[in-house]
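Each of the next two complexes has chain A plus one more chain, namely chain B in the first and chain C in the second.
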Partner chain A sequence: MSSNRFDIEINGKACSAEKGETVFEVAAREGINIPTLCHDTRLEPAGACRVCLVEVEGQRRLEPGCAWKVSEGMKITTESERIERHRKVLYGLYLADHELDGEGLPVETGNGNQLRELAMKTEPLALNPVEAPRAGRPSDENPYIRFEPELCILCARCTRYCDEVEAVNAITLANRGSHTTIATAGMRGLLDTTCELCGGCIDTCPTGALVEKKSPDPLPADARKVRTTCNFCGVGCQLDLHVVGTNGTSRVAKVTSPPPGETVNDGNLCIKGRFAYDFIHHEDRITEPLIRGEDGELHPATWDEAIAAAAEGLGKVKEKYGADALGFVSSSRCTGEENYLMQKISRAVYGTNNIHQCSAT
Partner chain B sequence: MTNSIDEIRDADLLFVTGSNTTEAHPIIAMEMKRAIQRGAKLIVSDPRKIWMADIADIFLQIRPGTDVWLLNAMANVIISEGLTDDEFIARSTVDFDKVKETVAKYTPEEAEKVTGAPAELIREAARLYATTKKAGIYYTLGITEHTHGTDNVYCLANLVLMTGHLGKRSAGMNPLRGQNNVQGANDAGASPVFYPGYQRVTDAEAQKKFEEAWGVKLSPNEGQNLNVMMKSVIKGTVRGLYVMGEDIVISEPNASKLEVGLNENCEFLVCQEIFHNVTTQFADVILPGACFAEKDGVFTNSDRRVQRVRKAVDPPGNAREDWKILIDFAKASGYPMPDYSSPAEIYDEMASLTPKVAGISHRRLEENVMGLQWPCPEPDHPGTPTLHVDGPLKGKADFQAVEYRPSAELPDDEYPLVLSTGRVLYHYNAATQTRREAGSVAKVGRNFIEMNRKDAKRLGFENGEMVDVVSRRGRVDAEVMISPRMRVGCVWMPMHFAESRANLITNDAGDPVTQTGEYKVCAVRIESRNGNGNRNPERQRRA
Partner chain C sequence: MQKKGAQRERILHLLEEEGGVTEDAVRRISAETGVPEADIWGTGLFYTLVSKPGKRVRVCDGLSCRIKGSDELLERLSEEGKECERVSCLGQCDRAPATLDENLEQVCYGGVERGVTPDDPSLPMNLGGPRVDSYASLEKAKEIGSDAVIAEIEAAGLQGRGGAAFPAHIKWRSVRGQTETERYVICNADEAEPGTFKDREIILRQPHLLLEGLAIAAHAVGAKNVAIYIRGEFTSERRMIEKAIDEAGEKISGFDWKIYNGHGAYICGEETALIESMEGKRGMPRLKPPYPTEYGFRGKPTLMHNVETAACVPAIVSRGGEWFKGLGRNEPGTKLYCVSGHVNRPGVYELPLGVTLDELVEVAGGYDGSPIAFSPGGPSSGFLPISDRDVPLDFKSLAKAGSMLGSAGLVVLNDTVDMAKATKWQLDFFERESCGQCAPCRIGTRYLRRQVDSYLADGDPNSLEFAGDVGWEMEEGSICGLGMVAAKPLESAMKHFPEVFEERSSE
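Moving on to the complex of A and B:
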């Protein structure tokens, strides 16, 4: 009986592998980079983009590293003159119906463009442009997601993500040949489909063909990323907040997930985590301390006045009725440290254990 | 959760009950979908035919509030068919005999009469759960928001214990927590009965430890939890409140009584908030705080994972980080609160008093991108992904024999329909944040009442028609949404809309242990607003 663990060789290097693994998985573990456009670790391998083709000893054709399963003693080559030749032609074909910049490279987008990066490494074969009559959905009124057919390479990461991960099947490949496009049922706007506006399609798209409508595209060069934890439900998704502007005027202009495999959300977010950040800079935010006056109305006050009024008001209640006539409602939305301080205030400062938050409602 | 979120993808059976996971915990639902694509089986029990029910192997569409019958009947099948893990029961539990005796009369056939779920499906679900090793239970407020919520949880725990599905990867008992930091708030001692880290306020040793640390005498008496506190406001025994980041009026059941209490009895109300909400209308002082993007600290998620929150932008105008406000308030109240220079320092003080998180610090969290899961008692401890691996933490786990009690308010001639309330994917609780977001509003813009087509037809309501939903406690307006998800006789409404507040009509009858209100079951009738519908409650009774 053959063992489930065995050695294979990649570029002459012995690598330990397990039955069922793909060339990609073993290579990634060994730090060997195989380029790809259509692969996402959250999806079943599709072998669609042909960028990851490798030489497998004994195989006549080049094989896709993302889908090819390893077996004992297998010898793989990931860089060779033959592979380089293949890539030149392949990239040339992709570029022939892709939107190009002045230098003839795939255009940069707010979400990057991995085809551009590849084309900069391996000079693509120059081919005459072809017209791909790929339909978009210009009248789609959803507030978040725009499809740019000129940037699409039909790798189907978005449609497979929508099917395999989010499982709502709002978008699909439609039509045939050069008319193939990313479509919805009846080309309806996303708001009229099963789409839940998670934005995972934007996240997985390798060429920026899916664009986040509400953030600047591209972000300014000085935008910085701040890793934090989402403030909605209890899953604890990690977010990268993209901040533009300097102190005082800085704003969160975009939210993305850390890459798959790094954090608890594995690269995924929902509509709230990815898109519901407008509240941060909303004009309705309370920006001044307020004290209710004799007239029954709330009036702006200084911090010193407001804090003193709060302490005096609660102090009087304690004096009149005792500490247990006070209640402290802390917040499951605030930080752990703030909850610690709130219970310390309730217990050590005011002398009551009447401290809670929403966890029993 | 006794398991971790990333264990879900490796489960072989998911029992999802009282959790509309795709809407309330969408990223956990993605893990469940992944498990199911891998071949895991799925059992769903819920009064609504939720999204997960569509892909379930077994769907038990029970009547609202009949969970104890369903779960006891499953226990009955597991015991009578000899599917228990006797070795685990003997080694790690006590009082199994009491449960055995109690559930004997909860036969699947009788359960079918009460719950509406077919006896044969109950049997299949019980067998599937008991005989699959990597079987996890996932639940949320559909289990807890009842006058028998604690009983429901006991029944689930009984199933876990009698099958030994505990302390293993992908097998356990997993309440999915609703808020970003509801776990962390409890861990930090924002609890009427616990100091930080679940040390009881009635424990003299714990009291002494915190008295020494904080330099003051502390109360040995348990305090009031939020539900009791709100009832005390209504009664006038609590007369001053400091409310930070919570819209108590929109969130508590039977809200109109609370409004009267706040108006007439509450002599002083401090609100620390980022937006005006229903509660701030009653405030004497409003302190503008910071949202999550404007401050440093930690949140603890559903699988006990402590993760960093980092300041990205400044709070607007003169608003301030909440921890700074609290320090100043404590000082103004005459207490020598230390001048903590950062939340990291506050965390260190908490960790020094709290064995469960003693090994966690902001410095360690910088190095651990995935966060650290408590218990984490030492600075070199890796954290604990799965609880109870070496047997129940408390030594022996208690079985709890539970008898069915009907919900507090059942439908009658005057209020013939059962209302449950809940949440939708696109909004978050009181929705002060998400109702300011274009996509959320485009998907769900106003309050609705979901009902079965048969009920709508019988009552003469059209899809999209505006109606009043009326209970003994009040009325709210809503748009009729005809939906195949509903059982006949049951209606459902979200709780997000301040102008049409579901909690004006919900029942504040509380669970005897937690005092949690019965948000999932109350009796209502529906009245037309334009005269077309049928106002006669007689017609609303189930045919």
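Moving on to the complex of A and C:
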């Protein structure tokens, strides 16, 4: 339908748009930057942070680009004196309600701080601190996620993520006005809520008010990112391992997801992918095949030797007791293809239907 | 998991029954309704009537009550050993200082003479007259049909009397024209703009006019469901509505009537916040568009009117739109003006829309002392100097004067009042009642209040250096009307009373 496609104007430039799109979406496609703090493409637009306000011709007020739907012939202005003044004062207000560093800028965190980046671009109005009585949960003993109320801008990305993406609803906005905070029912620790500790709230937080307890904050300057595939299950989530240290001593210090829209996991991870990386450096980790010898001890072997030993053992059982004396259990960490091969071994090679995959229970 | 829908709509009522938010109450309600515990916790803590369990006396700190000694009363009651709480305007400004007992029933400590326009059958609402409960206008509306009714509303030029003055017929036509047939009519009886108590008087004195107006509206827009959202502090008013629905019986039985309680949040007078509240959520205003006429309660087309707007409808239908229009001066109809503060007979007076302050106060028994300022429509309208006493009290004229009529809750201040302090009281109100959703309002209201506090403490006007910028941003950048006007008290006071904010010796 041609009527669903039309042109709008952004800063005087004709941009092709489609019915149902927002100003923010069209601008992003055209490479026009509209700053925002509360927007996350995985969430319904909230229009709450007010950073993305733009001028819409014919509208008396500034309107949120993240939520404003385009219509034919609409004229948008994203940079003007009025918008500049709006940003200066708005950022000034945010800074009056935020922990600042020695230079009067929002503090840097291990997860960045988008408010700091915005403040560095536009000289914010210097306002006295408002000392909002925002309560945190200092006694929350969960091992992974820490909430820093002094860094929170109450954009509600975390609570909306927990609701709209994860459908877990462990956290909520609570109280009202300047007392508003991010809370759990009864201000309990996350372990005593429905929280699954996926850490998606950390990922979506624009100011680093939610951080990984296990990771150094901030990460050392030499940290580098290594893209890999999570091996905890067959979904194939992509991970960015943040590795610190040099060759011999390098360690994974943090795990994040590639940004939404780039990989199969769309910016999301589960508790295992995000937090369960300690095994990588664990001293008990088995790093090579082992075969138990006549002496009862385990001895290092090559893969060929190990596979041959396993095949021999399985063959002996089948010979003595029949194929149905065997059972095959594959790991939840296997991919679909690996699981297929496992049942192939079970059915075609050994002739038994005793095949199971551990995450099927 | 019940994120929305019928179960979710119950949670605030259940919290009320439980006596407020506690961990145990939240757990029980979650088990019963399937709504996540965190959602119930977060929603409950938004509303002052349920956020803190236990019972206590509530003392109003609205402007009229402050100037009539609510601070002293609070102190006295506390000394008597009563657990007391300072709360935002209770809508009882004519009996200032207003107080509610532990069960939210009114206690009268104010001894002033109160007034209401005496019986005059020519007035559309005639609060001082006998109750009108014939429902003849509803019958007539059914006879002449929806188009004719809406045409009369249009001819009457009826503007929304909650404060926005939006033409009523546009909303009626919009709801009537929606393809969705499940539609709602909602009455906004969450009267909470400080200085305003007209809806209360309509409900207590002419409840059937309200029901009839809503029924006519529902019939005209094709809605079967009529909901009345009444502020939780209005206990006797709620009982009156229940009784009136009962009395009306058959006459209004073609509609499903439902009463929803507010739970202590001024912001729920904003229409989309009110809808969120009815849906069992935190009363945070929605982004508009879409407007409620298209996407309202439960996402369905919704016609929402203030109590007074609805109560004007029966007279318009029975006597005609032209007649109603002719009652006003510059704008159509009569208007219920609430007046309190430094006047001799505070009350609700039905006068032609567009009278002046002097005319109004004359009806209200004259000024008490030497007036210096007035606030035409609650804190949202800021202050005007008494030299503006000739500005017609209508929507357009007051907007031109940089203020607004709003809900017509006029408060008169005499020369015993320190305007800087009065400003601070109004800012207190907005800081406490900001929903906290958007930064300009959440941070701005607190910033301004603190800066005025700082000025009051040390008399240094530098505290207010950036007040203009912050006020500008609150008006430009806030999501809803609360944030947009929350700087008005300071802005207008600094404009009209600059001498008050000059350097002064500290207190």
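By definition in this document, the second predicted complex is superposed on the first by the 284 of 361 C-alpha atoms of A that agree within 3 Å, B and C clash if a C-alpha of one lies under 4 Å from a C-alpha of the other, contacts with A are read in each partner's own complex, and residues count from 1 in each chain.
Following the convention adopted for this analysis, contacts are C-beta pairs under 8 Å (C-beta built on N, C-alpha and C of every residue); 3 or more make two chains touch, one makes a residue touch a chain.
Predicted model only: the values in this text are computed from it and were never measured.
By the document's definition of touching, of the two partners only chain B reaches A:Tyr321; chain C does not. In the superposition on chain A, contact of A:Ala360 is made with chain B only, not with chain C. When the two structures are aligned on the shared chain, A:Ser3 is found in touch with neither chain B nor chain C. When the two complexes are overlaid on their common chain A, residue A:Leu62 makes contact with chain C while staying clear of chain B. Of the two partner chains placed by the overlay, only chain C lies in contact with A:Leu125; chain B stays clear of it.
Between chain B and chain C, B touches the greater number of residues of chain A.
When both complexes are overlaid on chain A, the residue A:Gln343 reaches chain B alone and has no touch with chain C. When the two complexes are overlaid on their common chain A, residue A:Ala167 makes contact with chain B and with chain C alike.
When the two complexes are overlaid on their common chain A, residue A:Thr184 makes contact with chain C while staying clear of chain B. Chain A residues in contact with chain B (one complex) as well as with chain C (other complex) are 167. Across the complex, chain B is touched by residues 142-144, 164-167, 191, 196-198, 214, 226-238, 241, 243, 247-248, 250-252, 258, 262-266, 268-273, 275-282, 284-292, 298, 303, 306-311, 313-318, 320-321, 323-361 of chain A.
Those residues of chain A that touch chain C in the complex are listed here as 45-50, 53, 61-62, 64, 67, 82, 85-86, 88-90, 92-94, 96-97, 125, 127-128, 130-132, 153-154, 156, 159, 163, 167, 169-180, 183-186, 188, 193-194. Those residues of chain C that touch chain A in the shared complex are 1, 3, 23, 26-27, 30, 36-43, 45-46, 51, 265, 282, 287, 431-440, 442-447, 450-451, 454, 466, 469-470, 472-473, 476-479.
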